[in-house]
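Labels A, B, C, D, E and F are assigned to the chains in the order they are written; within every chain, residues are numbered from 1.
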Amino acid sequence: MRILVVNPNTTAAMTDTIAAAAVKVAAEGTEIVATQSRDGPESIEGFLDGAVAIPGLLERIAEGERSGVDAHVIACFDDTGLDAARALAAAPVVGIGEAAYHLASFVADRFSVVTTMSRSIPVLEQNLQRYGLASRCVRVRATDVPVLELESAAASARKRISVEVAAALKEDRAEAIVLGCAGMAPLAASLSAEHGVPVVEGVSAAVKLAECLVALRLATSKVGGWAEPHPKARGARFDKLVADSAP
Amino acid sequence: MRILVVNPNTTAAMTDTIAAAAVKVAAEGTEIVATQSRDGPESIEGFLDGAVAIPGLLERIAEGERSGVDAHVIACFDDTGLDAARALAAAPVVGIGEAAYHLASFVADRFSVVTTMSRSIPVLEQNLQRYGLASRCVRVRATDVPVLELESAAASARKRISVEVAAALKEDRAEAIVLGCAGMAPLAASLSAEHGVPVVEGVSAAVKLAECLVALRLATSKVGGWAEPHPKARGARFDKLVADSAP
Amino acid sequence: MRILVVNPNTTAAMTDTIAAAAVKVAAEGTEIVATQSRDGPESIEGFLDGAVAIPGLLERIAEGERSGVDAHVIACFDDTGLDAARALAAAPVVGIGEAAYHLASFVADRFSVVTTMSRSIPVLEQNLQRYGLASRCVRVRATDVPVLELESAAASARKRISVEVAAALKEDRAEAIVLGCAGMAPLAASLSAEHGVPVVEGVSAAVKLAECLVALRLATSKVGGWAEPHPKARGARFDKLVADSAP
Amino acid sequence: MRILVVNPNTTAAMTDTIAAAAVKVAAEGTEIVATQSRDGPESIEGFLDGAVAIPGLLERIAEGERSGVDAHVIACFDDTGLDAARALAAAPVVGIGEAAYHLASFVADRFSVVTTMSRSIPVLEQNLQRYGLASRCVRVRATDVPVLELESAAASARKRISVEVAAALKEDRAEAIVLGCAGMAPLAASLSAEHGVPVVEGVSAAVKLAECLVALRLATSKVGGWAEPHPKARGARFDKLVADSAP
Amino acid sequence: MRILVVNPNTTAAMTDTIAAAAVKVAAEGTEIVATQSRDGPESIEGFLDGAVAIPGLLERIAEGERSGVDAHVIACFDDTGLDAARALAAAPVVGIGEAAYHLASFVADRFSVVTTMSRSIPVLEQNLQRYGLASRCVRVRATDVPVLELESAAASARKRISVEVAAALKEDRAEAIVLGCAGMAPLAASLSAEHGVPVVEGVSAAVKLAECLVALRLATSKVGGWAEPHPKARGARFDKLVADSAP
Amino acid sequence: MRILVVNPNTTAAMTDTIAAAAVKVAAEGTEIVATQSRDGPESIEGFLDGAVAIPGLLERIAEGERSGVDAHVIACFDDTGLDAARALAAAPVVGIGEAAYHLASFVADRFSVVTTMSRSIPVLEQNLQRYGLASRCVRVRATDVPVLELESAAASARKRISVEVAAALKEDRAEAIVLGCAGMAPLAASLSAEHGVPVVEGVSAAVKLAECLVALRLATSKVGGWAEPHPKARGARFDKLVADSAP
């Protein structure tokens, strides 16, 4: 099976990080197609970046549909554009945030999230509330490590993240940690070893869940809010992507 | 004071309907600047349309900021792009959906929403949950009248809406009705007279609430998820609009 | 339009404070009629005071109805007697607590309340839960400044309030502050300037919202719990006020 | 022990009904002191009646305190004035509504309430939400039998109530029924026999729970919202009752 | 009336403690039959112990049914096996955890629980959520005093519990304390005297509530999840106990 | 990897059905070890059967641990004994109910459950509430087809299930269906084809999720309620199984 993994920002180094995390856990027989938006923000930190990342992201999803991928992964922890992508695509779409929250729920009664910037906290809280898993998450914590510093200053970033993980275990009585940024994927194993609790990372979680859905032949329901697009004018760029994704 | 009212779709007739509803209730001394997106969907029905409407909408918000408007109204009942617009703008931003829900809460313990297409139901339910007002809304009901038929086939559309209002009063024990589409603005008064309950319409509600916020000098808090954009590359179109909206 | 603003305690100095806050924000053409209960508690601090304030309050609401005011404001942050007043009056009724919570929701994802006495905390929490806005309020904080000290010892009171505002911003990660007492109205602007976040005060919020409702011709729904009083004996004092408020 | 049972309306026949229900279940050694308000509404149907019943009710509670009763029961299903009575009294106070909901929770996972007038539905829903037991109550149903018809037209009233009980079992999948009016007390046993499920009635439930609290020496906590009244002027009538209830 | 009080662990000293607490509050005319499981864990600390305690517990409940007791009390604060026991028995069944939570709700708006081991916290939180009373409980606190130390090292255990009670009053603003273990029953009165708030203990609470239910002839509804067992093979031990409990 | 799939009832035909569903979706390299309890109920319908199934189930989990399986699946839709199994095992444990709910959340905003007997409804509702996914489930529906009829009278059972699926789509506006019994596994594909929506079945869902957790090296957190058993006497049968599962 082929899984498209879209990094909805434009930073190639981050796409590489994401691709590595995806490939590492993919089953034999799963081909990971990692890509990034052609245009949009260089990193996604907060509501505005998430909104402006949508056109570039949807374009990649549409191209993936046209090329016949079996599933799509949106590799931003905010699950940017997830509802729109599900409406656009026939193949299942998995956000790395939701993937991590759901899998954490199988190994911990209560988890905390450790993310990058404070301004992302309400984005994630809003998602958790919608998914229904807010009751499983004790707290969303920010390190105020900017997304791109995860690449450029990895050592100091890891240190600040580890401090916040420790605080979550002590103050929140969290039983597991969810890492709240695709760029944190390489840190999960070592943080888990260091702190002695499960540390869930979204890229790998989403790839495995996408494999599950494909194996079980479960695709997005088309009878509710994710129904196929009505034909209508949406402007040149979006008309093209709707056409691209048409069955 | 000047209030920018943005119709985030590209249908001029609908902008006219919205402008009329806004002007009708604006206080003396309030100037309504009604506009519409330069590009984007011709109507907003569901998650995909809402997502692809965002670039055109944010552009208008940014232009409004640059021109010094006192407040912004997003005239789509889905409150499309509301969080991103609040992060972008210094002036307060009001969505017509949230405006209607909040005002309905002052005149009814429980209300129902009557909207256009079924695929919009989860969009509105998600908003209600986030705003906290889901407990005040008994049910979101769809008429499956397409948005643009509100303009082109007004009489038959009104009839189907009235039938759904009656059902909401009887089956949901709703005490007021919220009309779930900007294009329904002209129907509020007559539906209220016909059914004997308050019928709240979002465009007029949002204009009055925007006037309130300006009069009380209440503007969007910048210490949380709606903080000012970090400087970063977001692609030409979005870099321009962030620059336009800079103070 | 004429808006009746009832201070449901018997302290004239507090009525003056309330009247000043109301007049300051009233639109041109809005006449503020500020009054206070003829009998009842000198200040409202907790459930008992709120209960015993009801007869005096409802009397003023009934007199307002008879005199044809366009809207009523209950100027106690506990929203004392709000449901009963809505059942009694045809004109819309706005509580200053609910007004402040709703307006705060347009400028902050999460707010904290800073009020007077600890015993009022459950009163406000109960209101927030009922209005649906408990999910938007991080915490209700008491300063243990008695209501009447806001008049008699304004400087020291302000200091303690400011300390609590700072704590709310730091510990609760609140994005805005709601001031939880009518007597705090004069402090809103300076606290907002000092702390750099929106500070919402209920009297001005309620006056503007009352203006909104009147402008939009939205009055209390009479098909649910706020239906017109059934004819029945209620004792001399209350029979008179029901008669006074009859259309 | 002595338990004061206050009917907060002024209809003596209803006090007799309530007294009979209370005496029937009281333990040996429990003295029931049944009384009614000196002034106030002849029946309590909705928010306004509940509010205007408060002075007469609190007066009786204060007299009970002065006379040294061991516990108080408020015999209106709306739990009118419960918070104020708890602040006033040192002895425990039990509302018949809350008593019925709590006991029903021991014999049914989910129950429905069958009450008198539709306008009381939001009063009861608000209480259920506050008590935390809204999740246990499937639906509050009104028969639109006026309270006083329970006395004057008992046979036809019982018939309509029985129809609604049947509907609750079938449509709500309720496992027990809570009768939502003190005046329905005589019907509980026969309705339970007829429908084969527990039927909980508040007066008897409250008397037994009051006995429990007294036996366990559990009295209202005075460290929160039910703390003892601060000394202050509250008007002649209320100053007297606060003085009466002082320890 | 006869009330069976089952200690679902196998420690006789703890059964004695429980029996003493039960007898102390039982009404004249109530016979307490205290017993313990024949096999199972020596103490119940966490999910595993709770699960393995079920066969021994249900056996005692079945024997109680056969012998015609009027009500059953499950004397483990986790309310171990409560749903199964209710399905098995015709007589009402009361768990000491639920009994304490419900009674605490009559004397405190918000309470905290002080229990033994940390691993029991999610057990109790799960119960509170299910009963609907999670909104009344501020926090479940563990002392990490093992259950059996309550017997063997009573003085030091009491000290640690008292420290946690003080923390609950200060940090949680709790208005009452619920003691989260049957073995803490002897401490309730002195802790209440020491801290000046109601301290609710489950064994006595459950006995009084069982008396209530019997007096009011309220027994478990048999139309939902607690319906009588279908005839089927369940293995020798369980077939016997189902047969024993058959009417 | 080896996954133990335990049918916690004693009906061998049902174990065969479960094994077939598991094997069908297992990845290459995954060995399914399907087994059933040695003793316990022949089918699990409601709280009592669930409780009495626990000893037999835990015994199989302990044997699985000793034999070094990589993950455990509890193949009863009630997720019987899930918490106790997680405390007992080091390897991850997945219930087929939770597996189905979580996967359904990726393909439907709202789903309904179609299960066997009415008495199981509260069991499943309680699980959904605890997992956090109650907000995603519109309704749990019973067909009142006994579990074992799924084997013995497959055709008529399927018909009744299909009728209920149709009702869920129409009345609940569900977007997907979750089949609420392990014995329904063979029906998922044909019901999905017939009704045009995703139909999620728990056995296959749990197997794939167990594979995910193993691939991602995510095992149950041991710092909360699922911590390793304390050493203590639990009776011969349970002492043995705790010993068996010790690392």
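Here is the rule we go by: a contact is a pair of C-beta atoms (placed from the backbone, for glycine too) under 8 Å apart; a residue touches a chain by one contact, two chains touch by 3 or more.
In this text the structure is predicted, and so the values were computed from the model without any measurement.
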Per Cα centroids, the chain farthest from subunit D: A
Matching chain pair for A-B (criterion: over half of the contact pairs shared, by residue number), options A-F, E-F or B-C: E-F
Type of subunit B:subunit C copy interface by residue overlap (half), same or different: same
Whole-Å gap separating subunit A and subunit C, where each centre is the average of the chain's CA atoms: 44
Between subunit C and subunit D, centroid-to-centroid distance (C-alpha), Å: 29
Per-residue overlap in subunit E, given as positions that touch at least 2 other chains: 109-110, 121-122, 173, 224-226
Parts of subunit E lying in touch with subunit F, wherever the complex brings them together: 10, 39-43, 45-52, 54-56, 58, 81, 83-84, 86-88, 118-123, 126, 129-130, 146, 224-227, 229-230, 232-238, 242
Contact set on subunit B toward subunit C in their complex: 25, 27-29, 92, 94, 98, 102-103, 105-110, 131-136, 169, 173, 175-176, 189, 196-198, 200, 204-205, 208-209, 211-213, 215-221, 223-226
